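After this come two complexes, each holding chain A, first together with chain B and then together with chain C.
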Partner chain A sequence: MKLIEAVIEKENYSTAGQASRKIKESLVQIGVDSVIIRKAMVAVYEAEMNVAIHTNGGKLRAAIARDVLEVTVEDEGPGISDIQQAMTAGYSTAPDSAREMGFGAGMGLPNIQRNTDRFSMSSQPGTGTVIRFAISLAAHGADSLMGTSLTTDPSKCIHCLKCVHVCPTQAMRVHRKGPEILTHLCVDCTACMRVCPTDVFDFKADRVLPERKENQIFCLPEALRGQFPLLSTPETLQETLYPITGDKILFSHTPTYWMNGYLRFYQERCGGKGFKIAPLCPSISRLIQLRYPSLLPHMLPLMTPLLSLREKTIDHDLVIVPSCPAEFSQAQGIHALNKVHSVHPTFFQSLLMKRIKKEEQSRPVQTASFKADKDCLVVTGINQVCHFLDQVEHGELQDCGLVVLYACVGGCYGSPVWTTPAAIAEKRSRYYDELEGAQRDLIPLYRVQPLTPRAGARLDSDMKTAMAKLGKINEIVKTFPGNNCGACGSPSCLTHAEDIVLGRTTDYECPFLVFTQTPGQESLPEEFL
Partner chain B sequence: MLLKDIAEHSAFTSLTPQLPVDSTAEVHKAYASDLLSDVIGNAPAGGVLITVQVHANVIAVASLATQQAIIFALGRKPDEETCTKAAEEGIHLFTSTQPAFESAGQLYEAGVRGLDA
Partner chain C sequence: MSQKKINMALTTLVEALGARVFVDTNLEECLIEQVFAGDRMSDLLGAVSERMLIITHLANQGMIRLVELMDASAICLLNGAPPCEALLEVAKETNTPLIVSPFGMYETCGIIYELFQGGGGSVP
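Right, the complex of A and B next:
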């Protein structure tokens, strides 16, 4: 790993740019692709010039490892009071001296945003601003967020088709060889995982603990604390965890506390008016990107709790125990110098359970009952969420204010990886918060990378071929009964026709047709295949 | 168009005579802008930059944006030190008495483009 540091002086436009040059030299030496070097240079140079133009001076630190460049730029004020405004292309507060030199066009921050894989900014008016960004140096390193991290074990599948019916994005197929997830449609909502009677679905988090390191923090899911009867004190829990994790533990924290953070942003920045969605659940963000792109402007421009926590602990290696595949996907997609290890929650829970002694478990403790903030509407469960979003998209429910949506029933406490009912797990977990006097407001960080619509199923990249395929699909679908029974393994007659035309299945198994057809006519005419 | 053609063109005067012109170096792309954030973000790699900005940061930006040469319009010239620095970075500097629009037009006529066709 190579470290580069540079001091940037106020209004010294001739020395600003030195760090960029040094970093470029190093990247060229390592043999990084020239397109990526260019991206890095744009970001670093703009960051340097920003400090020289707008602040009382500051420092830039860059670290280059094999697969990532990570940069932190800190300045000594005066700070930015409205980050959203500062991010707007064309908005600038640069003095004339900078403008005369061709700077200060209000393109600096947007240029950084466009050219980085991770970017965060926090600012305190009066004290200063910290910008951190990272660029993946691997040729196709970026954007692992789009796929799914769900895995299947077809040998366990009993072909009950429950997953096919429950999938909100029609990403599931069960054909003869077992379940198959169309990854471009999957949003990691876990609806299939929850409904599967034989545990076909899982995700590939490690089932070993990573090697213990000095600079390591464990981030454990809130719901983990609710998976066993209450221990007498939070300290008992700490002691029980210590041999597994060491003393640096962070619980992802009660959603209500995060909600307060989002709510404050909503009240301060949106005037507490209008329909907005607080991005707590990563799966919901992806659902909206895929199925409800028209609602993207309603998403608060803030990071999810997981990404905010990662940003705040970016100087450490993070061992995260994700509570669901969506969190796992998000953790995998973080580009940073310090590693993120993901440990499977079921595995971690089994380690912990072995250490919990019966006698340490206390009597039921009275805690103040859970109170969701009255100004935040919470909708949980992917079906309820889709129902809700359908109505919103049709222009109804615009009076619902700030909304928090969860794919899992009962929020993260209800992830299918947990066995304890969500309500109980939440109550238990709150008990520790009460005893610890936990922090009430957790402040989510500003999300500078915009969410963009996800391209869904396209029949073909060529419009003409796509039209021809559409024609075939319409022909085939006319021969089906139209009752969308799902017995063929596709969620509806239309999707089955699509699967045939796109070659996703060679099975032709509409049971209604098989029963009603005359012998010798059991398959489609050849021109359809 | 060859870099040599620009160097030999009557409209352009070289400010970096100490830097030898590779007679086979080709110029396919160019970009005209005085906003340095625009240049660094959008100027095509390996191209020629046409600008009226003459301070030292232009060299830094052109270097980061891997430009082969800079043409200063309206007869502008950077100071001696800046020219030396550009030569060290391997960036050819030219000056032209014409406005940027005319210089861009001459390059365009010779087949140079701003974007991928």
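Right, the complex of A and C next:
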């Protein structure tokens, strides 16, 4: 990893651009594609000029790590009071001196946004503005983040086909060699994980703790606290955790307390009116990108809690215990300047359980119910969510205001990695907050890079071949019974035909037809008589 | 602002404009596929790509950075005004041909537009 730092002086237009030059030299050295270098240069130079023109000076830090260039630009004020306005193309507050130089077109921030793969910005009027962006240096790098992090263990599969039927995006196949996930369709919703009777599905988070470091923060899911009977005080919990994590612990990347932040944004920016979806569950965002792209304009332009948290703790190494594969996927794509480790929740829980002493468990659960969600409509469970989104897409239900959707039943407390029922885990977890008297103020950060529709199934990159394949699929599907029984290992007759044409399976026959049309079968009833 | 896609030798453009050549490294080999004219730095930054001639009034620090960072193929300044020493330096360093048209932006673009319309400058 290479670090580049530079100070940007106020109104010094001749030194602004030096950091860009240094970064360019490094990128050329590494051999990055010239188109990507150019993208990076637009973003970095615009950011530098912004600081020189609009602020009292600031500094730029850039890290080039593996396949990503990550840049943080901080300034010393005066800050931006309306970020949305500042992001508007053509809006500028540049002084004449800058305009004479050809700057001040009001295209700086939009130019940065357009040329980066991730971009965030936060500002306090009076204190200053922080801009962070990242550019993937591998060609098509941004797309690779779209994959799934679910893994399968085919040796455990008993071919019960439950996962095939439950998958909301038809990404699951169970053919002869076992389960297979079509990664371009998977949204990490855990539906398969939940129904699987033999634990075929998992994700590859570490099963060891990372080396202890000074500036390390542990970020634990709230649901973790609900996995064991209540301890007498929050301090007891801290003490129990201390040998594992040290004293820097955050219990907040699962979304309960974030809901307030999204709700406040909804009330302030949307006037509390209209149908909006709060992007809390990362899996839901991906589901909408893939299956309901027409609803993308209804997504609040905010980051998920985990990404917001990462931006806020960017100066620390982070150890995340993700509560589901979707969170794990997100944690994968967010390190450069400081490391992000992901520790498997099951492993972490087992560590913790060993330390909990029987005598410290006390008190029945007594907490007043949480109030934030009374103003949000909460829909949990991927089936319910799909049902809801189907109706919304048809133009119904759009009077429901701010909506929070979770892939897991019971929200993040109901992730299949946890064993305690969601309702109990949630109640237990809130007990600690109540005791601490914590009035948490978790505000999600603005997401400036908008979500874009995700390309679903493509038969072929070449249009002509794709059309030919489509024709073939239609031919084959006519020979199938159309009852979508799933016995072949594909979720429907149409997808089975598709799998045959795309070479995903070599089992051409329909098991249903084989059973019902064997000649011996007609004689069966006689034998019974 | 104008954009157009044909391959044309930069020397053809220099001739047609009667432009003064200030930096001639790469001049002979330079092929132009697109032309972009404008005076707003953000527009220029956003537009630059390979084989692009940039026509602009800007001859200041910002322009120096643009040449340095963005690998524009060639720069054309306007109104016969010679560029400053620093810009010349950086153009030489980055092997970017730098020419100055005797005309204003309107005429310069007009002449180049005509050339491209005729497709006359296409290169074997």
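Criterion: the second predicted complex is superposed on the first by the 453 of 529 C-alpha atoms of A that agree within 3 Å, B and C clash if a C-alpha of one lies under 4 Å from a C-alpha of the other, contacts with A are read in each partner's own complex, and residues count from 1 in each chain.
The rule is short, and it goes like this: a residue touches a chain if its C-beta (ideal position, glycine included) is under 8 Å from a C-beta of that chain, and two chains touch if they have at least 3 such contacts.
Being a predicted model, the structure only gives us computed values, none of them experimental.
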With both complexes superposed on chain A, which partner does A:Val378 reach: first (chain B), second (chain C), both or neither? neither
By the touch definition at the top of the document, which applies to A:Ile284: first (chain B), second (chain C), both, or neither? neither
Quick one: classify A:Arg21 as touching chain B (first), chain C (second), both or neither. both
First (chain B), second (chain C), both or neither touched by A:Val501: neither
Just to be sure I read the superposition right, which of the two partners does A:Met107 touch: chain B = first, chain C = second, or both, or neither? both
Jot down the residues of chain A that show up as touching in both complexes, chain B in one and chain C in the other. 13-14, 16-17, 20-21, 24, 34, 38, 41-42, 45-46, 49, 101-103, 105, 107-108, 111, 114
Complex interface listing, chain B residues touching chain A: 34-41, 45, 51, 53, 55-58, 60-61, 63-66
For the chain A and chain C complex, residues of the former touching the latter: 13-14, 16-17, 20-21, 24, 34-35, 37-38, 41-42, 45-46, 49, 101-103, 105-108, 111, 114
Could you pull out which chain A residues touch chain B in their complex? 13-14, 16-17, 20-21, 24, 34, 38, 41-42, 45-46, 49, 101-103, 105, 107-108, 111, 114-115
Contact residues on chain C for chain A in the complex? 39-46, 48-50, 56, 58, 60-65, 68-71
